[in-house]
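Labels run A, B, C, D and E following the written order; every chain starts at residue 1.
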Amino acid sequence: MIEIQNLHKYFDVHHVLKGIDLTVEKGEVLSIIGSSGSGKSTLLYCINGLEAIQQGEVIVDGVSVHDKGADLNRIRQNLGMVFQQWNSFPHLTALENVALAPRIVKKLSKAESLAIAEQQLKHVGLADKLDAYPSSLSGGQQQRLAISRALAMEPEYMLFDEATSALDPELVGEVLETMRMLAEEGMTMICVTHEMGFARDVSDRVAYFHDGVMEEIGTPDQIFGTPVSQHTQKFLANVR
Amino acid sequence: MDYNFHWRPVFNKLPDLLEAGLLTLEVSLLSMVIGTVLGLLLALAKLSPLKPARWFAITWIELARNTPALFQLFFFGFGLGAFGWHLSPFLIVLVGLSFNNAGYLAENFRGGFQAVPENQYRAARSLGMTAFQATTRIVIPQVFKIVYHPMTNQMVWAVLMSSLAMMVGYRELAGETQFLASKTFRIFEYFLAAAVIYYVIVKIILGLSRLLAWRLFRYE
Amino acid sequence: MNETVTFFSGFKINDLFFLGEAALQTLMIAAISISSGTLLGAICGWGLAEGKTVVRWTLNSILDVFRSVPLLIQLILFYNLFPIIGFDLGPFASGIIVLSMYTCALVASVVRGGIESVQQPMRRAARSLGMSYLQSMRHVIFPIGLRAVLPSWIGVALGVLKDSALVSVLGYVELLRASQILMTRTQEPFLILALAGAFYFALSYPLSRYSKQLEERWAS
Amino acid sequence: APVQADKLDDVIDNGVLRCGVVLDFPPIGFRDENNEPAGFDVEYCKDLAKVLEVDYKLVPLTWSERLPSIVTNRTDVVFGSTSDTLERGKTVGFSIPYVLYYSQAVVAEGSGVKSFEDLKGKRVASALGTMQEQHYLKYAKKWGVEHLYQGYQSENEVFLAVAQGKADVGITSNTTVGPIVKQYDNIEPGPRMPWETDYTSAIGPRKDQSWLNYLNLFITHQVRSGRYDELWGKYVGGDAPELRIPGVYY
Amino acid sequence: MIEIQNLHKYFDVHHVLKGIDLTVEKGEVLSIIGSSGSGKSTLLYCINGLEAIQQGEVIVDGVSVHDKGADLNRIRQNLGMVFQQWNSFPHLTALENVALAPRIVKKLSKAESLAIAEQQLKHVGLADKLDAYPSSLSGGQQQRLAISRALAMEPEYMLFDEATSALDPELVGEVLETMRMLAEEGMTMICVTHEMGFARDVSDRVAYFHDGVMEEIGTPDQIFGTPVSQHTQKFLANVR
C-alpha cells in the first residue's frame, strides 16, 4: 500500500505540490490526469524518493520513504518506474539493459539475471530483440524494454510517467497493450497519462491534478461522466 | 632558494608591455576578421557541388587543423622565403593566424549551416522569398547565433596563438616580453607580468562577448 | 681554415634519422602528457560536474588560468620557476609538467560536459532501479558519458600533440626544433618543413577523421 | 662550523660540469653534420671538465637564455661569447675575457651597403638578446628606423633571413663572417660596426668568487698552454687575438 | 485549381512518388492520410516546387510549376505552406515573422506590411503576442503564427504538412480550430494530417497514401466508413 499524507514539494520558492493526500491499495490501478505543469511527474518522483519533499510523508508498505534512515535503493527496487522519454541505456543490448540491475543491485548471478531478463523481455513481446541495441529499436519497443527492465526487479508497484506521450501515434497502441496486460495480471500501478481511453478502460480510479492540487478523484465513470470541478470539466473538454 | 625577484624593472616597463598588448589585440582581431571572411567562403566551398572548390577547401581546412600553428608560422616565414616570398614578421603572424582561424572557423560555419533546420529555408522559400533572401534573412542570422560561441572561443584562441609571434620576431606582447627580458635577464618576472596581461585580455574578450550575446540574442 | 671543419652541409640521409628521433621525442612528450593529463583531468572533470559549489568554483578558477594564458608563456614561466624554487628540471620534465596541466584543464571541461550530457532522465532511470550513486556512475553515467566524450577527447589529445611543438622554445629538441636546426644548417627550409608538416599531418588527420566518424555514429 | 660548499666543490662533488653553449654561432658554436655540438666553445667546455676531472654536460642555449640559465642554476658556467657589460654584471659574475670580437655586418648581394651609415633605411637583423642588437638599436633609435629592425631567435635565422631577402643586413661577429660568406652565394661581407671591441667572458653565479677565480685561472692556462691558439686556428683560422686590454689592468 | 498529372519523384534511386494524379478544386478541402514515409510531405513540396520532379506535371491555376520558365517565387506566394516543425523564424518577433515576406517579397512599405501582419495575427488570435519571440510562445501559438505568416501573403491555396503532430495533445485543439476557421472561410486547403477527427469533419475529400501511391480517394464517409483498399483498412484500424 502506498500512502501519501499532506505532501508538499517546493522547487526553491515554487510550490509545486500543495498538500496531496492519496492512498493506493495493493492491486489497484490509478490513473493521474491533468494539464502540463500540474505536478504529476513530480508526485511520482517524490513517491520513490528521486525528489526530496518539504512536508508530509510518503509511506510504502509501512516504510516512510523520506525518513533519514530509509534505505532508498531498497525501496526503489519495489517501485518500478517508466518515464516519458525512452531512457533505455544506449550502450547495452536489450538483454543487458534488463539484466544489469538484477545483477548489480540484487546481486544475482550472471546466469540468473540473464534468465530473468530473457523472461521479462518475452513477457513484453521482445523475445526476438534480445541482442539488439536500443538505437535499432522503435520508440514503442524501447518503452516496452523500459517496462521489462523495471519488471525484472520484481517490484510490487509500477509508476508510469506518460509512458506513451513521446511516441508516434502508431506506436502508442503496443505500449498501452503491455500496460493493460500488467493491470490484468494484478500489478499495482500509478499511471500518469494523457490517454483518456486507457484511463477510462483500465483504471480503478482516476485522479485529476490541477496546479499542484489533487482536485478530484473517483472512478472513471465519475471523473469522465460527472466531473465536479470546473477545471476537470474544462480539461476534459479540451482533450475530448 | 637562491633567487631574488626583481619586480621594479618590470613595473617600469609596464607601459611598454601594455602597448605591446594592444598589438596582440590588433593582430588577433585582424586575423579573426580575415579568418571569418575566408572561413565563410571555405565553408560554402566545402558545401558546394563544385569538386575543385570542395577539394581546395578541404585541403586548406585539414592542413590548418592538423599541423601545429607554430609550424604554420614557420612555413609562412622561412618556408615561403625559400621561394622568394617575403613577408614582414607582422605579416607572417597575420597570415599564419588568419590561415589557421579560417580553417577552424570554416568547420564551425559548416556545422552552423547544417544545424539550421532545413524547414527554415523551406518555410522562407514557400513564402516566395528568393534563395538569396532566404539565406541572408533567415538562415545566416541563425547560423551566426550557432557559431557565436565557437567564434568567441576562436578569438580567445587567436589571442593565445598570437604569442607564437615571438618565435618569428614580431614584437607583440610575448615578443616584447622576450625582448625586454633578454635585456635584463629577468625572464620569470617579465613573463609572469605577460601572463597576467594575457589573462586579463582573455577575460575582457569573454566578458564583452557575453555582453554582446545578451544584446544580440534576446530571442532565446 | 681547417678543411675538416664544415659548418654547413646539405641535407643527408642521416638527417632523416635525426628528424625521426626528434619525432619520437615529440611522440613521447605528447604521450606522457596526454596520459597523465587525462587522468588528472578526469578527476577534475568529475569534481567540476558533481562537486560542491566551493570545489567547483576553486577547481574552475585554477584550471581556467591554464586555458587563458598562452601555452608558450606557461612553458617559459614554469621552466624558469622550477630552478628558482629548487628543482633543476630540464626542458623535458618541465615541458611534460606544463603540458600535463594544460591537458588536464582541457580534459576536465570535456569530462564535465560528458557527465552532464548524461542527463537527469538517465540518472533517474538508473536510480529508480535501485542502483546506488556509485553503481549508477559506474554502470550508466560513465559508459554513456564516455561516448559523448571520446571524440572531443581525441580532439584535445591531437591539440596537445600539436602543441608539444612549443616545447622547442625551451631548447628541447623535438620535431619542430630539430627541423629548425636542420633548416639553418642545410638551407633547405621548404623540404624540411614539408617533412615535419607531413609527420604531424599523417598522425593527426586520420585520428581526427576517426573521431568525426565516432561522433556521427554515436550522434544517432 | 662547517664551511659552506661553493660551486667549485659542488661541481667536483657532483662529478658533472653543466656547461652552457650557444650552437648557432659558427665556428664558435654550431652543430656538425651529425647534428652534434661542435666549435670553439664546446672544446673549452670539454677542456674545463677535463681539468676538473669531471664529466661534462653540454646545455644548448639561445642567446637570450645565457644569463637566466646561470641565475636559475641550470648551468654552472656558460661559454657563450658573453660580452662583459656593467648591466649584465649586476646579474652574473664574469671571468676575464676568453675571446675577443668586433661586430661586423653581412649584407645581401647588391644591397649597396658599404659603410655603417648605409644601414640607415635598410632592414637590419640580428639575434635577440645580443650586444649587437643593443648597440645597433641605439643608432636605430637615433635615426628613427627602429621599425626596420628584425630580431631573430638565432643567428642562423638571421643569415637565412638575409639569404632569403627578408633582411638586407645581418649584424654578427667578425669570426662568423667568413663561414657565412662561404656558405651563401648571395651574401657578402659588410662594414665593421662602429662600436667598441667585444670582450667576452665565461659567466658563472655572481656570488661565487672562488668559482670565478678558477675560471680565470683556466682561461690563462688555456692561453699559456697554446690550446687557445690551437683551437682558434682550427675553427676560425689565422692568429688568435691578444686577450690583453691596452692601457688597463684587468 | 491544382492539377497533378502522373507525378513521379525519385530521391536518387529511391522512388518516392509513383505516378500521382490528383485535382483539387477551388474552395475544396482535401485531407491526405497515410503512414510514415508514404510520400505525403514530398507531394506537398513538389506542389510548390520546393522539390524537383522527374516526371509528370503540377499545374496551379494553369501555370506549370516545374516548367523551366516558371516564376517559382510568384507561384509560391499563392501557395501558403505550414510545416510540422521549425516553422517560425526564431530570431524575429511574431510581428516581424509575419511582416517580413510582405515587405521583402511583395515590396510593401514597412507600415503596410506591419499593418497586414497585425491584422493576420489578430485573425488567428495572437493579438496580444505581437512583440513576443517564438521561443516564448507555446507550440500551438507558434503554429498559429506560421499560419498567419502564410496568410499574410494572401495565398489562394494553403498546404498543411501535419501542422499539429509535433504538438502536446492539449495544444492540438487551438490549431485545428484555426484550420477549421480557414476552411469555413472558403480557403482551398490540402492538409496532410494524422488527426482523423479533423479529416472526417472538415474535409470534402480524403486521400490515403501508401508507399508513394495514392491508394484511395473519396469522401470522408467513403474512406472512413467503407474503405476499399486493405492497406487503408489496416491503417485506420491502427490509428483507431
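Please note the rule applied: contacts are C-beta pairs under 8 Å (C-beta built on N, C-alpha and C of every residue); 3 or more make two chains touch, one makes a residue touch a chain.
Since the structure is predicted, the reported quantities are computational estimates derived from the model, not experimental observations.
Contact with chain C and chain D alike is made by B.
Most remote chain with respect to chain E, judged by CA-atom centres, is D. Highest inter-chain contact count (C-beta pairs) belongs to B-C. The centroid of the Cα atoms in chain A and the matching centroid in chain B are 51 Å apart. Centre-to-centre separation between chain B and chain C, using Cα means, comes to 20 Å. Rounded to whole angstrom, the centroid-to-centroid distance between chain D and chain E, based on C-alpha atoms, equals 83 Å.
Chain A and chain D have Cα centroids separated by 82 Å. In chain D, the positions touching at least two other chains are 68, 72-73, 157, 160. Under the contact definition stated at the top, the residues of chain B that touch 2 or more other chains are 3, 78, 81-82, 167, 187-188. Contacting chain pairs (ordered by label): A-C, A-E, B-C, B-D, B-E, C-D. The part of chain B that touches chain D in the complex is made up of residues 2-3, 78, 81-82, 84, 86, 89, 167, 169, 171, 175, 178-179, 181-185, 187-188.
Those residues of chain E that touch chain B in the shared complex are 45, 48, 50, 73-74, 76-77, 79-81, 83-87, 89-93, 100-101, 104-106, 133-135, 146, 149-150, 153. Residues 1, 3, 62-63, 65-71, 74-75, 78-79, 81-83, 156, 159-164, 166-167, 174, 177, 187-188, 191-192, 194-195, 198-199, 202-203 of chain B touch chain C in their complex.
Note for the complex: chain D touches chain C at residues 24, 26-27, 30-35, 38, 59-62, 65, 68, 72-74, 154, 156-157, 159-160, 163, 178-179, 183-184, 233-237.
If you check the complex, the residues on chain C that touch chain D are 1-2, 5-9, 12, 14-15, 18, 80, 83-84, 88, 90, 171, 178, 180-185, 187, 189.
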